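In the two complexes that follow, chain A is the common piece, with chain B as its partner first and chain C second.
And now, the complex of A and B:
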């Protein structure tokens, strides 16, 4: 029982990372219908940048993360303006090709700027808490709390603020949104800024919990899309539930079967869910 | 004495080598219903898309109350009082009718969201005005009795009326109706005709694109006829009905 609890807690930490990646992908998909494949690589850029600032230039970690988040927002705006906006009215395959090209560009830039070495962001959070036989490393606790705070902030933003409501309106019906005076050219910029900032946060978490190396971002974006499909495309609650389910399933599989099979088992669960609920866990039928 | 609310001056649109619209000029006056008719492919939809700002004109000018608007975005035009509806009902299904119409008011909100949270008095005054606009829009479109109904359960025709009501809530000076009667049965068309008359009487100018000639002849004060991207006639319904060029191009002898 303790071991199951232990694996569930491990799974929630990585699940939180998946949720952040998936939230970024789902709001972009909801607004623009774009599968933004470069998201994982951009997230890793955020992780690398944080490492570069904190470990190599001695900038305090909190400040380094803040700089990385702001850089991420600017980068997100530029990606929308320069990469996706020009193919906005073209066939969807064009945006798809742009997304693949952008992935290669960002991966290449990461390699060029930060090298091929595996890096771990030093956090100094090394304490380990023990609650009734279940161990919880300090760092994992921070990741869970930070992910929860970001998910809550994102939910409040989308549900309660005017801009958040405008984003949902555009996602649902762009034409009707225009009649309400919504600036539909501004919305994609806001969406990309938020999406990329969430991605950077996830990149920092991956970089401090595990490690960042070339190719990690691409793997992460595949997991992100798996979460989207699991939870229901374009659904924010779906991304949250799907991310946690995927994280916990992986952790249980790694703990009780074999860590070599964790991806296989996670995707088997995904396929099983889709057989029973093709619209995803929280998707609309 | 008529005042010109919307002036269209030498509007042209080319798609590559195809001239979809050539030198279209007309004005919509205050308290006027203007019909825009013509065969399929004559440039009606292109015209309404350029008037609303969905696509830029290749050349030509557009003035709303004397102010040039051809370079403005759609949402800015809505905020200035030039709104439209679409051929298919573009509505949000999960709101109530009243909430949905309220959304239309947002286009004209002058109090910023921050002020909305703090400056209570001004904000309350604006909210009151918005309530009045919603009530008026519901009344004009005959939806007052359905104000608490969920949008998703309305009939297709009622959803189109709701789209008109939502557009009216932005207190427009001109409303562009893009084929409002498409797919409607006769009593729904009658309701629509009455509605268009009431909208005009409320001081809002209406441009209506429509294929249903009986409706056009009934509700319009003046009509502009397009054929192959060029205007071929303008005049009152009686003049248009008797116009040889229009009969040959579009109406046929039966009308």
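And now, the complex of A and C:
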């Protein structure tokens, strides 16, 4: 029993990272219909920037993260304005190609500015809490709490604020939203700013829990899309449930079946869910 | 008359000039190694150390062949430890750059790919850190390797862990990489002779950074000790996460990582007490004057301490210099390859090689160092003791596999 609980705890921390990545992807996809493949690379940019500020320039970690989040929001706005907006009314394949090109550009920029070496964001959080044989490292606890806080903030923003209502309105029916006086030029900018900030948060988590290196972002965005499909395209609760399910499944599969097939088993579960519920766990039929 | 003198002087000057050009040539040597990606922790220091050795050789007067002196010019390509990239890099070196001597090679997958065709080339391949046994069992006369195979070290490690009184050991490692698997296989065989048993073989891939699920499984099996085999970075995460899971058991490993490399991932408290059972390589407490000078020069030039395994490549460059001088030719690669196999251990060597029949490389082109047990104590790798190893016997065994 202790082992199962420990594996679930292991999985929740990873699942939290998947949730943040998937949330960023799902709001962009749900509202703008764009498969934003560069999200993983942008997320890694956030992790690199935090490392650069905190580890190389001695800026306190909390301030470094804040600067990275704000920079991420600005970057998100620029991506929407310069990369996606010009092809918004064109065929979907154009946005798809822009997304792929953007991925390569951001990866290249990361490589150019931050180098090819793996980096780990130093946090100093090394304490370990133990309850009944189940251990919870301090850093993982912070990751879980931070992910939960961001999910709650995102939910409140989308559900309770005027801007959030406007975002939902554009997602439901863009033409009706225009008729209701919503500034539909502004909504994509807000969506990309939020999406990229969530990605940056995920990048910081990956960089402190594990490591950031060229190629890590691509793997992360694949997992993010898997969560999207698992939870239901465009569904915020789906991204939360899907991310946790994927993280815990991976941990349980590695612990009880085989670590060699960790990724395979997680994707087998995803396929099984799709066979039984093609719309995903929380998607609308 | 004056015009004739001027002409004579000009011709003399031209001849002198040509003479001095003929006396000092450039010899291009190639390096194919992992400069980026997960294996760069091994490959980049190797590439650096070849460049450093080449500069030192040049500063000491270059390579003397008859009346001519050759200055080394190093061409470095990134093979990313990937067989396809390595093949492209070596083909470029041979076909486009006209290189006949190729050094580096930190990693077995990429090295194995090159070894599969190097026998057909007019070139000599000097392998460094790549530890897969089969690289020197193919009867390739134009290939030598400075690092001993992984199973040579694994057997010594198995005997050492058994001597610590452990009976049940769990293994976590890159077991899908054949040279790590061969280390564990030799470890297990030797460990079993003392009644020990390996109770788990958990796997991680070189890109994995979360080993918590595997470690949780191992923790539930209550082993006496943990053995971690793999590249530095995943191994460092395994050590860090084992403490995060509250695993208070002796931890052994086979990684060859430097202190700096481990400290990028784990704290010194998380590393405290970890053993690394590996070839002695570069260890400041037990190294020679050549090793100390190497460490100092490398640190001065690159700003980082050299990784323990990086001198394998440094020694390649010096071995090549001595072999070319012994062969008396830079063009006759067969003669240079033969001279390498006849080479005695030279004073510039940083690694502490164990000769076989008085030579640095045995008939298979394989060199041997001592194996050692190192322990992390207060932020440093401390050399604790040498592990009993028999290069002569292993060399015979290796020859029997040809």
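Convention: the second predicted complex is superposed on the first by the 285 of 285 C-alpha atoms of A that agree within 3 Å, B and C clash if a C-alpha of one lies under 4 Å from a C-alpha of the other, contacts with A are read in each partner's own complex, and residues count from 1 in each chain.
To be clear about the criterion, a contact is a pair of C-beta atoms (placed from the backbone, for glycine too) under 8 Å apart; a residue touches a chain by one contact, two chains touch by 3 or more.
Quick caveat: nothing in here was measured; it's all calculated off a predicted structure.
J.: Overlaying the two complexes on chain A, which is it for chain B and chain C: clash or fit?
T.: Aligned on chain A, chain B and chain C fit with no clash.
J.: For chain A, which side has the bigger count of touched residues, chain B or chain C?
T.: The partner that reaches more residues of chain A in the superposed model: C.
J.: May I ask for the angle at the C-alpha centre of chain A between those of chain B and chain C, rounded to a multiple of 10 degrees?
T.: One gets 150 degrees for this angle.
J.: Pick one for A:223: touches chain B only (first), chain C only (second), both, or neither.
T.: neither
J.: A:128 contacts which: chain B (first), chain C (second), both, neither?
T.: second
J.: One more residue to check, A:39. First (chain B), second (chain C), both or neither?
T.: After superposition on chain A, A:39 lies in contact with neither partner.
J.: With the two structures laid over each other on chain A, which partner does A:14 touch: chain B (first), chain C (second), both, or neither?
T.: A:14 contacts chain C only, not chain B.
J.: In the superposed arrangement, does A:183 touch chain B (first), chain C (second), both or neither?
T.: first
J.: Considering only C-alpha atoms, give the closest distance between chain B and chain C in the superposition, rounded to the nearest Å.
T.: 43
J.: Do chain B and chain C touch any of the same residues on chain A, and if so, which?
T.: Correct list for chain A: none, the interfaces share no residue.
J.: So in the complex, which bits of chain C are touching chain A?
T.: 35-38, 40, 176, 202-204, 207, 209-210, 212-214, 216-217, 219-220, 233, 237, 243-246, 264-265, 267, 269-270
J.: List the residues on chain B that touch chain A in their complex, please.
T.: These residues of chain B touch chain A: 73-75, 78-79, 83-86, 90-92, 103-104, 106-109, 113, 116, 163, 166-167, 170.
J.: Give every residue of chain A touching chain C within the complex, in rising order.
T.: Touching chain C from chain A are residues 2-3, 6-7, 10-11, 14, 116-120, 126, 128, 130, 135, 137, 140, 209-211, 213-215, 219, 250-256, 258-260, 262.
J.: Name, in rising order, each residue of chain A that touches chain B in their complex.
T.: My answer: residues 161-162, 169, 172-173, 175-176, 178-185.
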